[in-house]
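Note that the chains take the letters A, B and C in the order they are written out, and that residue 1 is the start of every chain.
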């Protein structure tokens, strides 16, 4: 049997040591009614070779994004992942260790996570970061819950264009509480309508959340939004793409209370949307209200520098029903991957990626502008994606698939008022030729 | 020894570009953005690639892991992680997929998910599964939100969730996240749910009971059918926390025990690596009654083609973006193909055998508070050792010197000086014997050289860590000039 | 310590004129181990006898603090925020937590005297 090392003889001797005759006796306390009388209806086990063939055959049926000229983004971005990142993450002692509960034999994981926390603080300009959460959408929901916990208020304002799956996640997370979610639509420029925001803010509001770049790729005036919200004594939550922070003002500099989002751009790859990791950074004064694990630096009994999980009393295995969140696990391996990624890239590399993504996207935007059949509903205050409209958008996406191009994410299903909308993204991996190809094909296709 | 952080290792490498120029004309974002939105400086250190590799691989060496050490962490099922799983999860056809690609370009992936779902349904007796939850507790949240939505839709006034006193802390935390009051049912002296006490707690307002079976004391809840009857009669649901399912693979199914919702920790039972705390996968399965409430999307097959169906009007929505930790699911699928039906049963058999063997060989040295036959894990109490001067904590730390990762300590909360050992099926008898001998030796050391135990570990990269100091004055990040 | 009374939940009370000083007992701090954090109410908060007024945390446990008396919080030992170890070092001295303006003197009667508290501790210890 694969992966089992006991031999028949071992088993016999072990049973004897226990004082029973058969394996079945180990299960004697199970009621007969619930015991399976025939084997599970699964195929019999395959050899490693045959398993490989079978799984590889499934993988071959897929066409990876890279084989297309793909402009998909929408929350999952095709940034380059340097070979060092998967190399480090496949080392056994990171890959196959448990949560570092025993600091003396987990210093590697602990220091790596401490470095991750530090990197996220430097990147966001915030005081502290947790050790990661499950993904961007759940991190967003946790951030909102955390704000409402701190302010002890009931209302959250979700301002502007959010990733639809983040909104859905927030709704599900809040379903068990008597909290109110108030959504503020965007203005005609695609940005938060500040007048509507001011009207919605009141003394019951405990949290005001916005995202920048928003789901349409537009950069909000985040400092101004934070200012407006603060006048009403509410906490502010900013969802952002961590790579954008290489060129956008660090949120810590303009007083946002919680910054969160998905760390996927920092070395996680596409992976059909998971795993990546959620990040959450905040001000020092909210440390104890923060969900998720934290690694702290301390000393060992000889006074040497050491690391350990700390402030665990916020967690559910101690606080139980009073914990800051019910979730203890995170995505440590991907968070460590982000630390490796940021160490490799350094300020210059990260800025290069961000600038190149921006320039590629801006180039595509400018190339589409002269096309009559294409409408650009918003200005070029963008980072790595933007919305364009074309008649029969869904059909055009299908046509382009046949030319081996994925034009982008179709907006119509989640945003009925943009039924001709397509969200296209360029990372630093896109080349001028690939962008020109998309523009060229769009020139040809009928429509408009 | 190198104790520097990555931030202290900066060099003067400045030119980093893994991709190269794209060929488009370069513009400065400043010309498109107001000044106040532009970042002035990015205070990250510069490092060379070789330095980065050396730094992080150096860190990795300071970790115990299942590939390098015996890791009998109770309730965590630290079994061997097969290497073929890693190869499969890294296939180009999986790694390179964008979640929003058109269905016809990802049929292989959808087929894998479809088959994995069918396998898990067969193993548990559930009707459908969602793979969205990314950890056990996340699965609990999804499952309990479904229960909540069901009760609301059926206009039932449900206010409370029952959990045993030995439950994982996530259970009561999840119940309160879902707006329920937690009611704790005590265990009997034998370590099982006290059915009489339960009877007095169950009423029309009971939304559900959350159970782990085998429970966290490593014992099978023998009265499970009585319990399920009692809860179902009042219109409540049984939630199965699958953390300990390893013991029962192919022996019984949660559905046969009366469970309505199940979460399976694929990173425990189905051998996917733990990655220092994640990513995992907490797949959630439900019986017929709750299918309508599963998160969106669900897989659907029409005229031979698979696609994601978002049209589920009663769904609880989503608990995260996209479809879950797909790369973890590939590993679990690979594992299931390798093992097949007989292999899974053997997993259960050997996990229970190994735990009982350890129990038998150590029971004369360490107190066994619950003498009943244990399942895949065994609880000891180090009470006698504590009286002689060494706590469970001390013993755990001393095990590190023997190259063994400490078991789970001080859990469940109902056992003083608890020491929870889960050897798993992938350990050889030889490895178990080494552990047993180490535990006996430590017991002797407590009499002969108490200080050696109390000051352990001695061989690790750092000595006993001052966790009190860490909590009293938290240092949670590196800063340029110290604190 | 004749003027000191005790709650079953291991808080002590020392009456000083109109006010009562509150802290946790020697037994409680020993049970908790190294205390790393104390969360206390604000001056002006109203407490109700037997209801929670704060939390003490050690590295591995958190316990609720219950008000031994009803009344308004007059003073809070804010030094404990930076020196939680004082609760371990001198639970009856500089580890005191809050001063409450006594609302109802009869409530004192519902608390234990030293003798009965000692008996309680002995029972719990075994």
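Quick note on the criterion: a residue touches a chain if its C-beta (ideal position, glycine included) is under 8 Å from a C-beta of that chain, and two chains touch if they have at least 3 such contacts.
Every value quoted in this text rests on a predicted model; they were computed, and no experiment measured them.
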Two candidates, B-C and A-B; the one with more touching C-beta pairs is A-B
Judged by C-alpha centres, the chain sitting nearest the middle of the protein is B
Cα centroid separation, chain A vs chain C, in Å, comes to 44
Cα centroid separation, chain B vs chain C, in Å, comes to 38
Chain A and chain B have mean C-alpha positions lying a whole-number Å distance apart equal to 20
Chain C residues touching 2+ other chains are 37, 57-60
Note: chain B residues in touch with at least two other chains are 467, 470-471
Listed in rising order, chain A residues that touch 2 or more other chains are 310, 313, 318-319, 322
The chain B residues in contact with chain C across the complex are 410, 467-468, 470-472
The answer for chain A against chain C in the complex is residues 288, 310, 312-313, 318-319, 322
Interface with chain B, chain C side, in the complex: residues 34, 36-37, 57-60, 84-85
